[in-house]
């Protein structure tokens, strides 16, 4: 019963790297190609995603900052990891609290460690609410 | 040479509490009554503010979330403390990273400790950039 | 509308120091003299306490470790600060997670900072649950 | 010379997952099947365990909360990671300070990251005491 | 029985500010005027100092970086707070781990919060060693 | 485009372990055999190293403490991980702020987690400076 992480990334090369990294860390990646698709999936709650990993510049009308806010609207403790190159400098202004920005290029261990840090803190904070 | 903190709060009773708390902690409060006034002061940089303490619901067209983003546009490490009652629940969605939300009512020590924590981290992180 | 902190301490000299420290920090101290009294007050929830400050060796059948566990049963995020001399060494074994142990003697600023740190984290974590 | 982690888990499927995760992270798992066995091993100190990874509901008379307290009695800085499903909600009441609760199911990276965080902090804190 | 903090500062105006801040926070300041004097006091251990607050540029042959290392030689967990203007930028290179740099000018609450943060962490980490 | 980490270690067995651990985590190791070589590489800035992983006792005239200070002179936020056996106890005195000491022997996950923690914090802190 793997933990499913919702990933929004349209660059296929980076998609592959992210999927491999998550798989090695014991996570399962569910890929969304646009922000709209991701928001629909998060709000539908048909599948229980455990975290969001998102690029900033997305196909379609939403960017990564907006998708993360939509995810936090659904669950205010939702773990969020952003990945970006040039947009990383906007994190201090546009990011949500308790999120992590990975500046591209990053090592795969940075991604699995970032997710684990956020999930481990969340479990601790939320352990009494299950 | 006290450290000046920009405070946006239109409730005069809370203004007084905040001014007293800051004064006891060795800070000086510069009061702004609207978000526009605060944004103008921050962008003008005539006075060097060290931190922002802001209510969420403000007179005028900006709210506290927007003023904080404007402050971070000017300085991405700018310390931000929000104060709110009902809007505190939106912090996980609307707050900037590395900010602190004080839910009203709060004790004065919470405010001076919040500012000191943010300033002490900032000094450490920025000590080589002075 | 001050924030009420439940304090369990039977040494009157330390009671006075704690009351003064809390008062200067903008908190109000509600004193309990035994663990039973504190547990009854916490479970009754007639007054909304914001934090527990407790000695370890208490009059009556409960010790401070047990009162803190009772408080966390009622609210799993309840801020807990222990104060002790010799029993401080048992904190790693008997303390609850995310609590702070102040070894006597301590400075008053240590107590108000400890409470503020725990309350500020709690507000952040719990801002969406209000 | 691998670092040996004492693991208490009676579900063989989870045992396998934990052993694989630890092995990939460069740790060696020493399995105990009951709390009594674990407490005997920890107190005997014949082998130097570096951390405890324990389920909460255990075969025999001890549960995971009690084994962790016994480990901290021997070494107050001993790294503790709990794994549980339903009992995760009791962590805020029954866990020891500076421990991590992993709610099942968890990703393998969460376990190795949790252990590494606790060990890295411990080495830092204890580096002068060797 | 106040907690004594060793302070090295030769500017009398700042000495006064530091003494007042410590006194309000429940600490007692013991002033040293040179690094040599401070090192002698720390190594003599006649009085049990709980923390060091030091300027960087000192009268005599030692600077604040060197005094802090001498203090850590005596006690590797000793709380250290540096105060400086221009030398703050050297903290990342010359400071000891787990210390705090206060860039002048600072608010008094920053100093008492810095000391309390370091002391509260130390008590937690060291609670079993008393 | 892997992230290159500068590693100073003359024991070939540990070199191999470190290289394998970094490679599995998605990092690339650039080995230096002496402190002088490392300092020359860091100051030359021909290749952009992302972090330093260094033993304490080195061949040549510099030790690991000195190389780390040289790296921080070039970039005050440079991530530093020390590896040592007996010298680990000197970390509290000789280490730079915000560094991690890994006491040998350590698990490979401890190294990749340490690097990821330092890099993830750095990216967050520095996201606006790119």
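Order as written gives the chain letters A, B, C, D, E and F; numbering starts at 1 within each chain.
The criterion applied here is as follows: a residue touches a chain if its C-beta (ideal position, glycine included) is under 8 Å from a C-beta of that chain, and two chains touch if they have at least 3 such contacts.
Predicted model, so just to flag it, every value in this text is computed and none were measured.
K.L.:
What is the touch distance from subunit B to subunit D, in steps?
P.N.:
Minimum number of steps from subunit B to subunit D: 2.
K.L.:
Among the chains, which has its CA centre at the largest distance from subunit D's?
P.N.:
B
K.L.:
Which one of E-F, A-F or C-D makes the same contacts as D-F, at least in over half of the residue pairs?
P.N.:
Same contacts by residue number as D-F, out of E-F, A-F or C-D: A-F.
K.L.:
When subunit E meets its copy subunit F, do both sides use mostly the same residue numbers (more than half shared) or mostly different ones?
P.N.:
Result for this pair: same.
K.L.:
Taking each chain's centre as the mean of its CA atoms, how far is subunit A from subunit C in angstrom?
P.N.:
Taking the mean C-alpha position of each chain, the two centres sit 37 Å apart.
K.L.:
So, what's the distance in Å between the C-alpha centres of subunit B and subunit A?
P.N.:
Roughly 29 Å, centre to centre.
K.L.:
Taking each residue of subunit F in turn, which ones touch at least two of the other chains?
P.N.:
72, 76-77, 89, 91-93, 97-98, 112-113, 117, 124, 127-129, in rising order.
K.L.:
Write out the stretch or stretches of subunit D touching subunit F in their complex.
P.N.:
For subunit D paired with subunit F, touching residues are 1-3, 24-27, 112-113, 115-117, 119-120, 123-124, 127-130.
K.L.:
Contact residues on subunit F for subunit D in the complex?
P.N.:
That would be residues 21, 86, 88-93, 100-103, 105-110, 112-114, 117 of subunit F.
K.L.:
Can you name the residues of subunit E that touch subunit F in the complex?
P.N.:
69, 72-73, 76-77, 89, 91-99
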